[in-house]
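Just below is one structure, and these are the notes that go with it.
The first chain written gets the first letter, and so on, giving A, B, C and D; residue counts start at 1 in each chain.
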């Protein structure tokens, strides 16, 4: 033990309680995901094509998912998204109270990430809008924190958008984690990054693919302290519920749809027992 | 069994008949491929460079192939393309009647995907053309569903284009699945994604690389109900046959050309028996 | 044997003579590389940013390398480039006469690829220049076949450019194939694709990174039959020698520089004998 | 031995002293990283979007990291960055005197790389500014060598920028090298490339993400001989210290933050002893 390098000696101070350990992982993992991800959006929105394009946003977010999930996969399962946690609850991987607590930890992580991004890029904000913050409009920067719909969208469309986007996420996430497909667990986060890039290329035009209630609501709450109540009423009242409610519905629909359409037909693999369910050991 | 999570318990309800199982997989797999893929095209065409560029289209389609094939590879072989099914028939992997049924299932999947894409992005269509649908022209959106040739192409050129594009697909697909090249099967869909990206960069300018009769005809048929008979007569009568007939010819030419030029020279691998042909177990 | 699918039965007709087998592989491999690659260039040059950008060119060429090398790696070593063959001769992997014959086969493959690309995209050529072919100038298309330097380059600069570009290729190629780095052979072509993408991002501005005498001279020779002698005298006499001579010098310098600077220091791997040299079995 | 190919016979001349061997590797590895990387920046800055875009810069630098680290990983650990070396010292992988010597070797490598890039692209420099070199301004090219901040940044912001950017690098680098995450060492450089791409998409707008004291200071010193003292006083005195000091602080903060937040919670892996610390064998 004395020969261990110092960072390895830290391991003994890890949380003894599995739930607390997992909540810390979800909080920090969602923080890193959203800090990187929101910085990408700021660089895209304020940098205006000189410093990245939409494909760069997709690829950047994809790799933010890769590393944030990779860091927490073995601890908490690396959900980093309340909609994914809800799906995992429905799959019996975590208890319902865990789903609630995971969601809170994720939202806190995303809130702190919004603060970090704001102060990291504050000079750019000030330069862009001459210090006059507005949610929308020519120098509006609200979109740096959370989603606002295209102006031509109907009032139900954001819900459909989020159900479809998160549904695709959940559907293909199940393709990756279905043990019968034989993808080694160490590569799961890499495939998740490809998945996010694909979703950004296909389902990003309406709202900008939040598909994650914590990623949208946490930073929106933070931006309330910058922009005021407009973040909850722009472009109309109650819009902000769509990227919260939509993903929960979408994740359940998408994940179960995978098993009901394709996963159900997937033949067993020799040498893998039916009880070898990935992540199942996370349930106490 | 009682300890299995619910989604695993669903497995017992999978189709008992292998053919039905495979047809379901091809239908759903082609649905996911085309729903994601057509949404990418809409985002590219209507979003006009702000929300993706041509490279983003290539990468998005590549990953749509990755996940759609990954999900069905172990079930039906993950063809998702009648031209690939024809090639696999010529390789002895499936029976000719299966090829016919696969093709129908794939086309149905693509048809439903077109409907799903249309209703998902309907607000964007309405905003783009003020509700007046036209196949071609300044606010034309027919290309969101199926291919239309560059105006300067000769009447035979679309056939040559599809023979070459699908030929390249089939040729390099055989490079990937040739067991003697030793690519682990779990990575095949990833290499297919690289392959699609490459084809989009090289053979996309004439028609937009449909290279898949189901992907082109299924959505074209759906778009008939939106745009009327113009989808079959634009820009001239019988054009729509090119992306159906061309791919079938191209797939056979390309796949066999691989074996006749390079595959034939590929030395055997020690430890792999000549009879270990991938996918062969799909033949009943 | 009777149970083998037809394409497997073809294997018995593979060339019995190893040299002939390898030359066929080099010819066909360089054909596929250049047919895809030149089509990418046409799509970039004639399609003018709508149908791919410079990064798309880099990625497309990268994957063209991936699949073309993958298909021939186990047969001939997958050189597809006379400069690489020269380096492999210097490493003792092939005999000098083989290097000469490999180079001829590669150049023939590239020549045929230029013809195939030209006839594949002939409608686009005609539309672009109204049927009046010119090497350079506003509607010039000579660059679709082979390299022409930026007008501001000095007369020695193309040589330096090709020595550097091919040197980087050879240097990092040796990083990949150095058995002591432990990269599994099945992944080599994928790393080569990353390498090509990198070189296109760094060393593409002067000449467009031909870095392959066969890829430049074969299509240039074909384009002589389209454009006349201008392809050998544009923008000045003897330019065309630079992308032939430069790569040979660069490959030797770069490859040996790797071993003299870094490879020499690479500690041996336990369990790998010093005599386990990759590709060595190609020498009869 | 007589049967060994010539490049393998060179191995015996590798440096016998481990420190000298490692310093040579760090020098040459940082040279290749910066030669490729600076050439990418020149192509981006002088080529002006025709020859790559910001995403191309990110991807190019990512792969430059990949191959440069891959080549030196087994020799010196492949730091190629004094800030990473400092972090590795804090982890007990190298001695403090080694950290100092590594940093010097890396800076020398980056200095030589700047010279190589300059002479490689000198025609392009001359064409761009008509031979009148200036650090900043409309035809300024100082940014081809080292970072200069956005004009609107406050005086402390570059420090914060570099702490955050290098912090993210170090944090996620620890995700990759944490043995408990089980990423095979041969894939580490590939994940580093993804990481660099991500950082360029998120934290590149302020300074252009140098995040490496050797990469910034070495070429700045070289550019002093081209542009004069302005490289140390532009846009204001002492700016150049930010991309030196910031990364050192950031690397320590980021790396240790990983272990204090997430790594500490990472459960042990069966079959891996706590003492199997990667790279530990580099400590004499």
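Here are a few things to note about the model shown:
Here is the rule we use: contacts are C-beta pairs under 8 Å (C-beta built on N, C-alpha and C of every residue); 3 or more make two chains touch, one makes a residue touch a chain.
These figures come from a predicted structure and were not determined experimentally.
Listed here as common contacts of chain B and chain C: no chain. In a homomeric contact, the two copies may use the same or different surfaces; for chain C and chain D, under half of the interface residue numbers are shared, pointing to different surfaces. Ranked by how far their CA centres sit from the centre of chain B, the chains are topped by D.
Once the centre of each chain is set as its mean CA position, chain B and chain D turn out to be 41 Å apart. Distance from the chain A centre to the chain D centre is 29 Å, each centre being the mean of its Cα atoms. Along chain D, residues 53, 55 each make contact with two or more other chains.
Pairs of chains in mutual contact: A-B, A-D, B-C, C-D.
By the touch rule above, chain A contacts chain D in their complex via residues 1, 3-8, 10-11, 13-15, 21, 24-25, 28-29, 32, 36-37, 39-40, 42-43, 46-47, 50-53, 55-57, 59-60, 63-64, 66-67, 70-75, 120-121, 123-124, 126-127, 186, 193. Note for the complex: chain C touches chain D at residues 53-55, 58, 90-93, 150, 152-154, 157, 160-161, 164, 168, 171-172, 174-176, 180-184, 194-195, 197-198, 201-206, 255-256, 258-268, 274-275, 277, 280.
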